[in-house]
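One structure is given here, and the rest of the page talks about it.
As written, the chain order gives the labels A, B, C and D, with residue 1 at the start of each chain.
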Amino acid sequence: MNNAILIEHFLATRKQSIALSSPLEIEDFGLQAAAFSSPPKWHLAHTSWFFETFILKPFGNDFQVLNPQYEVLFNSYYNGIGEQFPRPHRGLLSRPTVEEVFAYRDHIDNAMVDLLSDTSHPEWVAIASRCRLGIEHEKQHQELFLTDIKYSLSMNPLYPAYHDEAPTSTSEAVDLNWITFEAGLVNIGIDALGIGEKEECFSFDNESPKHQVYVNRFAIANRLVTNAEYQAFIADGGYQRPELWLADGWTAIQTQCWEKPLYWIDRDGEELVFTLSGLRPRNPQDAVCHLSGYEAHAYALWAGARLPTEAEWEYAAQSPGEALIQLYDTCWQWTSSAYGPYPGFEPAEGAIGEYNGKFMCNQSVLRGGSSASASQHLRPTYRNFFYPQERWQFSGIRLAKYL
Amino acid sequence: MNNAILIEHFLATRKQSIALSSPLEIEDFGLQAAAFSSPPKWHLAHTSWFFETFILKPFGNDFQVLNPQYEVLFNSYYNGIGEQFPRPHRGLLSRPTVEEVFAYRDHIDNAMVDLLSDTSHPEWVAIASRCRLGIEHEKQHQELFLTDIKYSLSMNPLYPAYHDEAPTSTSEAVDLNWITFEAGLVNIGIDALGIGEKEECFSFDNESPKHQVYVNRFAIANRLVTNAEYQAFIADGGYQRPELWLADGWTAIQTQCWEKPLYWIDRDGEELVFTLSGLRPRNPQDAVCHLSGYEAHAYALWAGARLPTEAEWEYAAQSPGEALIQLYDTCWQWTSSAYGPYPGFEPAEGAIGEYNGKFMCNQSVLRGGSSASASQHLRPTYRNFFYPQERWQFSGIRLAKYL
Amino acid sequence: MNNAILIEHFLATRKQSIALSSPLEIEDFGLQAAAFSSPPKWHLAHTSWFFETFILKPFGNDFQVLNPQYEVLFNSYYNGIGEQFPRPHRGLLSRPTVEEVFAYRDHIDNAMVDLLSDTSHPEWVAIASRCRLGIEHEKQHQELFLTDIKYSLSMNPLYPAYHDEAPTSTSEAVDLNWITFEAGLVNIGIDALGIGEKEECFSFDNESPKHQVYVNRFAIANRLVTNAEYQAFIADGGYQRPELWLADGWTAIQTQCWEKPLYWIDRDGEELVFTLSGLRPRNPQDAVCHLSGYEAHAYALWAGARLPTEAEWEYAAQSPGEALIQLYDTCWQWTSSAYGPYPGFEPAEGAIGEYNGKFMCNQSVLRGGSSASASQHLRPTYRNFFYPQERWQFSGIRLAKYL
Amino acid sequence: MNNAILIEHFLATRKQSIALSSPLEIEDFGLQAAAFSSPPKWHLAHTSWFFETFILKPFGNDFQVLNPQYEVLFNSYYNGIGEQFPRPHRGLLSRPTVEEVFAYRDHIDNAMVDLLSDTSHPEWVAIASRCRLGIEHEKQHQELFLTDIKYSLSMNPLYPAYHDEAPTSTSEAVDLNWITFEAGLVNIGIDALGIGEKEECFSFDNESPKHQVYVNRFAIANRLVTNAEYQAFIADGGYQRPELWLADGWTAIQTQCWEKPLYWIDRDGEELVFTLSGLRPRNPQDAVCHLSGYEAHAYALWAGARLPTEAEWEYAAQSPGEALIQLYDTCWQWTSSAYGPYPGFEPAEGAIGEYNGKFMCNQSVLRGGSSASASQHLRPTYRNFFYPQERWQFSGIRLAKYL
């Protein structure tokens, strides 16, 4: 990747974050409805902090820090960098103001463009490589920006819309078909390439190394489970039948009083769903979304199926000619795989090594992508991961079964 | 009170709330750092809700409700009115925006002035009486506005100042003197008067009825305890000596890890205090402030004294010629009295009866007033009340003892 | 009090504790169902610890400590003595065994009798005085022994009976009458006398000093509220009407899901109540028992009355010729008074001063006595105190009102 | 397996549970120090309940239920059977007494022997098969009996010994060697056989079906990590270095204040460890034990190694001629594998299907066995599983690495 393309990619990504915040009122920028979510303003600042911390501070020429306290305020979880402002309190940071955060972004953008333009910099390869990572990092936060603001706005009984675009809806679901794969050793994951080797091949460290996995014969559904299908599970007493649930899932639905997906609202006989476009009628043909991994598991059991492993999912997604739809553009798909290291996985040296590796415990892998994902960000080997009790992501179900 | 004076008083009070919010950034209006505090915007809306709910809805002519959902959103704790938006989540209401809340205030102000101007209204006496209550209610919220925003801003490591006025400071504390009172039956409280009977005599229902209390011979301090005196208590191991503490107080300081007043910050050898004007050097001669009732009790015991009862405090404050200072303008003063009903106390009929009566349990009475109190709002019979573990009010110590 | 009588009183009290434990299985001795209650075995050990700590260790001649670790294990809350084994974990002390605790009791009894017999001891007055306190302390724990084991056994779906005595029951409640008292200054409390001055006059420090209180004209009910009357309150929606409840009480009944007194069990159409004699039919004429202070308050409001102040209660109980029944033998009676120090109250020097004084915050006074109280333990000036949310004591309602 | 052998095996196992309880005092039988552990008495009752519920009730001829309430009291987690007495409150069941529980065991034993003797029973194969499961189930509870009583006794500052046997200790640890395995497809798991097919081959459903896994080249340590080696990790600041920890592990050690293994006690310069034989000097050569999965992971990272996957562990343990020691007799060995279903796993029909399957989420696999495991209970394919934060099992570390 030459530096002009990299700068263009960098600026386009940075601009996209600003575009995402344009529908918001200033009052919305500080909203944080739960410890697991972050305010819009914080996402805008933290993504800048990432470039500052991992590129501009170590490699910048005469880089001027705008405010030394931002190092702590906008550090997400990098213990190697130092202390962090407590995550559950991010919503209490009314200052810096929105305007000041935008100024911080400009400051970082200018410094980054300067640095990226300096191709004679002795560390240019490291800079470019980390910049590439920072870009993908920002794209991840663009999706979190949307999931988090959706969650925060949903707490308000006025149900404000994030924007006024009409939600895309499926007029008619395609038939559910099972696509069959034979048993065998398959290649999973990807070997990370250095900057310049092959630009289109960015991948995160958790997708490496490429390795072999033996999969048994299996079938996977061509499409995602719909609202109508999930409604049938509810109507059949799905949430009252312990035999369908993992033990921790059963505990979760009891203590949380869950009896339907997050954002489903039944009011005065109307079946509604809260969306980024506000409260809307629920379309039975749309893919069911905002489920926990527990609900996905229970539904699959009820339907006489199971969730795919991540290897099965990736193998299917890599297979040419298969009629799989809704892979990347609808909802993330829960797998039955716990998030762990691939054989031979090595996290990067230093604080940046905390990016992925330290989360490889207690979380489940989701594959694919969602309507909130940044375009050109996804690929068959991409591994998303969340705790099985989490529902605020755009997460749904693709079924699998043994044959 | 004639209606022109009432209207003037109403408008001046409403204007004062707006004035208090003028130093804020829009981002600050939604801050809520704890369930016991409320966002600035919420105070502005709730005080309007009070006039709407208790005057305009029952008595208004053709009153138009701006948004029917505000009834729930801005109800503080009146179960008689109906459901309330959960208190700990008030900070999640990014909408209505600040601008919309200001418009709501204007709407209420206009309707109120119209109604108050209609002196031929068959319920004018009730309207005027409730308006008087609404005005005092708003003055109470003006103090809470300041205590709450102070608390919220203190969570931010940037320690933003609420305004840039220099804090008032005491150059030299006067000598501590003990003022003696003889034993006897004294009158406590005040009999509420109706509107028009005697305008200057507004009082809350919890100050009634006037009744007799037998007090023993006692002495009370002419002034409040200073930062320097409280520092001596700390230096003497005050926070490590269980014999000085109430059992619940000892538990509180262990579990909260308290070892100094709220807002005292010792950093790099500097003794600082967070104020509405930001982080400032701590003046040893200033009255110590932001203490829990437990700390006030422990300090008093350490000093060989005790806290006054509320009857002693009121009796002293009513006594002409006594050289008591810092009664109303510095810090509220914890008493040893639990907050309860006076003999013969009767709360008002209906939801408005929830104003004071239902809190008469588990709280302690504070007397006097503070630098954050609205002027012309206070009097010797005024009873403020908070839980003994609360510290975010401007609360300090006036000592008493038996003789 | 001469030493023979004191020894007799001491031994009778110690024997009574053993008698209380005779119906128990060994398995019952370790039961602790909540942090606020203690296992039977712990009560037996702690009351011995009290004599050991406050008499035998400071004054004993050649007193041999049986196990030095008991100092920590059986210290309830005396910070002045040192560390305490965590209260919520008392049920985890399977050792010392019941047999070992009985041996500990014997060891203490023998040493105490030796010491009390030594009338030439230079500290005999202090010893006798503290022994008197230790006896009353043990009587208090005898009541707690019963309330705690009742609570623990109630957790078992088998509803085991503590003993097989038939519960005493009221065949017919007497009519409710109001007894009137005129306003005036009354004497409240008692001045503590030293040992030997007047033996029958033991009192706790919190009952001193005797002082004057002005009471308004009032009436008090001749008897306690019955199950049938309380059932009428429930039937009238008492638990669903927020206007009847203190704010903290309303929160308590919501979060605890209370809708009837503790130990009322309605099963298969039967109205039952759990008693020390197991599960029994509920007698409508019995006094309602095991209520929180919040429920007592709400009932009183619903009944058009209120709870008495502790001064009113004591004044009425002291008045000769008044037809008050159920004063000491049925249920403790919640008052509207917060537990606080009487004017001029001074706790004892040293750790023993923690007996009462440090609890004078957040608790409510109960007056009278209950069917579980030790005989000869009670008097008009006796002040019991519990948090208003507590229900596991034998606590009921005597109404009062202004006139 | 013929029925005489089965009866013998059944009775020997039942007798062994009684033998385990012989060192206990009656007071110990009710101890429950945490929700995750159970009282000794409960284990004795629940294992009987298992035979009653899954064999005697469905298949018994004229089986008489001793107490119908035991169905709820001693149900561990089988939602398919019905309600369960709340797990955290098992320690509150002082009744049935120990004697009554022993009588319950006798009742079940007699009924089981009768039933097993009836070889003409039409369901004899199902009975024998479930009896076999019940025997293994009871052996699992025998280990839990020991881990739970150890945990409960450790809460007592007297540190009572469970028994007076001297603990086995390693005089000198063997050298740490790495045993190498080549990459390839390996067989993992076992296909369950029916009763009679091959008696010695009992396995749990979670070990099936046998399937192929591709493993990369790896090396595994011949022995477990020792106390001395773990001490070096601590001395090197292991608990203060976030880069060594999984994110959830770092949170765990912060919130739990862990800085050494459970049961390590450093007191007055002595390095001690709590054992079933009471408090003992810590032997540096013994395998380190009672670690969470987080600590095992952090240690491995610090040591430049990692935890084995369960497939690697099983493959190594199955390999003839390899010099692996401490496989089954010392501590369970944490693996890096999350507990999940093998490809094609099918839980049994009905409530007994809840035995294993519903726990396949959020837990980690441990392999091997411990000094507390029942003899003849273990095998290379056995899968134990606990939450990574749990430390009260006999759990240690065997290192692995890639080559």
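The definition used in the following text is that a contact is a pair of C-beta atoms (placed from the backbone, for glycine too) under 8 Å apart; a residue touches a chain by one contact, two chains touch by 3 or more.
On a predicted model such as this, the values are computed, not experimentally measured, just so you know.
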* Asked: Along touching chains only, what is the step distance from chain B to chain D?
  -> 2
* To do: Return the chain whose centre of C-alpha atoms lies at maximal distance from the corresponding centre of chain D.
  => B
* Measure off the straight-line distance from the CA centroid of chain B to the CA centroid of chain C, and report it in whole Å. => 37
* Structure fact -> Note: chain B sits from chain A at a C-alpha centroid distance in Å of 46
* **Between chain A and chain C, centroid-to-centroid distance (C-alpha), Å** => 59
* To do: Under the touch definition given earlier, write down the residues of chain C that touch chain D in their complex.
  => 25-31, 33, 41, 69, 72-73, 85, 89, 91-98, 152-153, 155-158, 160
* So in the complex, which bits of chain C are touching chain B? -> 77, 79-80, 185, 211-216, 242-243, 245-250, 293-294, 297, 336-338, 340-341, 343-344, 353-354, 358-362, 388, 402
